[in-house]
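Naming follows writing order (A, B, C and D), and every chain is counted from residue 1.
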């Protein structure tokens, strides 16, 4: 048996290629899916089946792409009318080499969620691995809040049944392979470790310690997770099938003049450099999202109905940026700035700065009773673990909707944990016409490292 | 937690790099050990500890190399006086990032065998993974025959205790990571799948169905595994510590004339091309072991006290050949034939052929009652599953010692399953002065595919 | 100025990418043309123009492919009605960055042959480089025999004028960049060095020492070069424009059964392994052309109207084989043998051997007055430099047409210089029903190295 | 003949590997010299000889490194007592494959300068290529100012003789291969094209139009080129032989705390990020030299007697930075900042900004008659081609020595052509205690692109 876990960084999505004999199947492929074909070729395998565990809401499903290039068949669970693929029934089985794949319907995260149980007939009839999708994670369970508040109770009940009555009975020894790892927005407690089993989860998973259904449902009803606006788009796209790309798009290079024209025609500038470079000088109106932050943040702020144009540190980083964007359905990438930001500077086109200050600078401002807004854009749980007394908390993903809470007339000092998310927040403020904006380099980390006081709760 | 399984092909040896925070440890590294340093660097980790599960007998331990280039400390189990590293005690623990590593003494395969239990303190106090060395494999258990026949009973009893009283009590959910995968000579039933847990093994592992110690010991006493002569050398080398290489050796290129001089001075020629190329024309006196067969067969036939010189298809394959040789302690590689076999031909130096025949050709010989020896060089269990009526069975690894059983005066037709091992066997016969030798292309596979009769048992 | 010479091995064809500022042009691109796009991208250049020096007869023109993927315009010389591209006039100029490209009509090799003169305006108005196509090589000049015997005199006269009246007057210092390097079939004396100038050629090129037109023409009329049958096909294809591939084709893998079916349906087997492997055992009816020999020999023997199926040492070599085949217009590649020759053996399908013998073996045969045909398949000039007394000479490329000269009833021992071309010749004999065929390993090289006598002339 | 030109970016140094048969020689290797060994291996060549054209003053000679790893012999010209290698005589010859290498003594740039003439005996006895070192460039000739003002006349006279009496007589057709290409500090007119011949230079090279020795010498005496301080060091190092590195050094990673300790102990911080990132926030006291600017500028500002510590955009760029530093003899690299600048921010350690302004911002300042110093740090010839009326010109390389000319009490706006060199200049000012410093993004390019007025002369 060949087992390969292919991870998509940033969204911490796990996909899997499993082979036996001459054949292979892929679980939950991503949209830039050449990687599966490459692995299969290396291992001398042919991909015949693509199994989706559920519709997914945090990335564009790659089944259609992979089916196109590998000639495989797409399968998904019952309970939702997909625009493509074959609907499975609970209990269906597939034979791949000497592996048996058994479908079990495990609704709860969504109604059509299924898990895939692998039995290795070469060694016996007991289940060996279960691909749990968003039903059961390492140290966490799937979200039940995606259908709206009034459905949480129903979904949480289903999830309880799926985990306690369908998954756990497979046996403690069964290894679990979920659709997400640590860092995903699809769970708050997901461990930074991929290796686990039903037994380990039964023992240690904090949510599974709610062994009574009512406790479990109560817990899930009290849970709060962020839901970025692009989820809605992904749900829709994944239902109908995302547009076939064929290949990773290669956006055209644009001279500063062409780039500027695009801006005038409504294109949105995405500056993927680090906060210090953005701070130094950037194109007015840019969103600042550092390269590795794209997967987590583009879906919070970027529109789907306007073309995107990119500024990158250099052209080698461009492919990665494009990859991250198409994974979340942003296909309308109209180009990138040729010659990088320096060509823009040399063209004499307008630039803007964002002042980075140190934690001690901020402390001095506060000590001098300067009239500033200190805006902490971290998540609520981070805020609760410790924040600056004078700060207000608006999560960066909500900032666009809550700008009215930030006075325009006085300076705003933005911070997060390290300076990246606050860079995005500051760019949102600048776009919205705020003129006196500061980003704290090193954020709360620098504040704490400098021995400055925080308060909790 | 970073988890990487690094496999050595051919000997099917598993080693592991596990990281957490900024640190990593390696379990059972191989001798060409740059791979661990590269992985660590990619992941931003520093290798601090090297843990040996036991002395190993089927490959040269890489601890000394890795300790040298990574600056890490070597650890091994109690019960044997190693010439290097630190001796562990049962129950000792190490802290690496938020992982806890607990040593448990699990003698049986060897007296000093230990297992390493990993607990991920980030998610709780229960064990998550156990590195079982040669104590417990997926679908098999460790050999107990290495100390000689009179020790099997003692070792098997210890192995039973180690598995049933030390490992299984860790809990069904604990994932197992053994030192070997399917295809290793260190077990006959090892599955062709790496993913398993104590629970799966408790349920399915055929040896563990002997839940009474006496049954278990009886089973182990009845077991027969091949023991290549190089095991003795490895045991000795690994006890004292294999010679430090520093880097993978790069053997010098030799002109045909220099190559020939080496032969005259006692160097042994190893021809790593495929059987058909060897059959076409080769240097008289060569051993024929195809590239991917080196890990499994060099240790059966090649001497340690004579320099080796290599013939390869092309120079790109040379590094792989060298890698495979040093893994089994063959450091004395005096060079390779520059310009490949064609340069030898062009130099007008003596060549020799080995006739490949088809299964039908062999059948015709037998039908015509030609007076030939049909020599089947597969393992006994393969022979028992089906063989040619007229054949005699001597495993290729034993052939050098049993040449007296093969008459020199009549033709010998050698076969195995596919034609590779029989190529080696035929080269042994040619070296020994047999002049009328044939290799069956496609071996018993071709025989069966051609619809010819076999007998069993 | 960016200057890149891209060579196609085997046919020793030179193509060039030249860039200045943001733009680049390509001279005589090959059909597998991704390489130009990759180089351009690395250097930050856009390919705007594709210049053909002439129609070419020894490989499929890559202009259409490159124009397709790079969006560039194709140009070629006057005097022939091409099915694509723009016809240039003598004296036309192009401006690329600060380079000026001037077209000069230099008929002789063919009527539409042009040369391209480069002036670097950044440093002055004198010519710097001239791309001479097949008009002038390093140490040789273009062939004038392609239009048939009755045209040689006219073409040679034109070639003289083109070289002496158009090229040499550009000045001794001008660097020449021809369409072929040493080893090409398009010239017999082409040097194994790419660097030269008009001055060096004027001084040293042996053909240019014929400074009187009549001597020059006389020389060219006396010249004899081989003309493989595929030249006709290439001329036709290149006139109309070779079929657009889009990408390098990836032939499907065929199981031994499927491969055999293809044979039965008329596919031609091309075995790309080395002679020794082919000698060991091969599929009956295969042509034996070693991988690096494909460019030089496929066009002599392979038909265009039957599908080709390939046997390779391993799958990594497949791409190279496909590349070499499409460069000469063999697009109909129906597949390759999955699992290489070993899978064929194991399937019990029929095999055939070709005995390799040493030079001394051949000598012994001759000394024993065995009644054998010794067939030397080298080129006439090689034959004349020294051959075995008993041998007959038929160049391998002519063998199919001259089989009637080789008696079928007696054994045939084939040799060339080293054993490769004789492997092809032997495979032709085997296909034609000769049953007693030998290949001399190391060929005449081995014969000479063994101190055996040769005769000259 | 194998011909490979290996260029060192930034210093625009050309080295060459030339092979014939089985052997190769290298001309003027650089210090990070694995590249030559790699190329030789690819081409199946053994490097036997290393030829230096002269001592070199703009980079550390790599002969000792290459001799060490390739086992080759070093040769250099007469007239200077080198600490290593063999001294050649005018007229000595070497035979490599069918190439003949003839040494001709061509003093002028330095006394021991030699050129190497290549004859390809396979095609005749005329010279084909000449390696001219710093004697003759494409479109320029070597500097004659390195021995001091009082020697220029003597050296220029020698150079005239070497070019007119030794090189040009070799013949117009001979291809020239100098030690530098366009962009080198070793000549002001060197063309951005590598391909040339003696004939082209005789025709077009502006300096060679001085065909009378007195005109030539006069021209050279009037010439002014910058001479960075590190030249002295290189001359000394290259005379004795630079320290043997063995391998490219891998500097240790330093945590922010360790990095800071190094600063306190006297290490010099080199920030290799782009000016915008440096502008955003950097470590106080850093030199700002962007990665591709290292070869040209480290030798102007960095001391040899203090350890260097590096800030890079990311760790992938580190190797390049190290490579550039050791090429100029900076071996004392004590480490780099682990986790990049962000780790420094998060550690709460002190940061500093450098404000980037646009050309229009500067114009507004001047229009409002703000009392600022406008400092143009370009070279004198750039300044003369057009500058801002209010500006003063101090070349960045001279700034450290001329700080007294810049008043500390008023703001300084620094610019160059594009913003990179001015970034370095600004960092020098900040290190020197200037507090109100601005860098013009896009420099004079932006100024001109914005339609603002410049004056010439």
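Definition applied: contacts are C-beta pairs under 8 Å (C-beta built on N, C-alpha and C of every residue); 3 or more make two chains touch, one makes a residue touch a chain.
The model shown is predicted, which means the values in this text are computed figures rather than measured ones.
Colleague: Which chains does subunit A share as contact partners with subunit B?
Modeller: none
Colleague: Moving only between chains that touch, what is the shortest number of steps from subunit A to subunit D?
Modeller: Graph distance in the chain contact network comes out at 1.
Colleague: Mind checking the centre-to-centre distance between subunit B and subunit D? Centres are C-alpha means, answer in whole Å.
Modeller: That gives a centre separation of 54 Å.
Colleague: Taking the mean of the C-alpha atoms as each chain's centre, how many Å separate subunit B from subunit C?
Modeller: Roughly 46 Å, centre to centre.
Colleague: Could you list the positions in subunit B whose residues touch two or more of the other chains?
Modeller: There are none in subunit B.
Colleague: For this structure, give each pair of chains that are touching.
Modeller: Touching chain pairs, listed by label, come out as A-B, A-D, B-C, C-D.
Colleague: Which of the residues in subunit C come into contact with subunit B in the complex?
Modeller: That would be residues 273-282, 313, 341-342, 344-351, 353-356, 358-360, 418-420, 441-443, 445-451 of subunit C.
Colleague: Help me check something: in the complex, which residues belonging to subunit A touch subunit B?
Modeller: Checking each residue of subunit A against subunit B gives 1, 3, 120, 122-124, 126, 128-129, 138-139, 171-175, 191-204.
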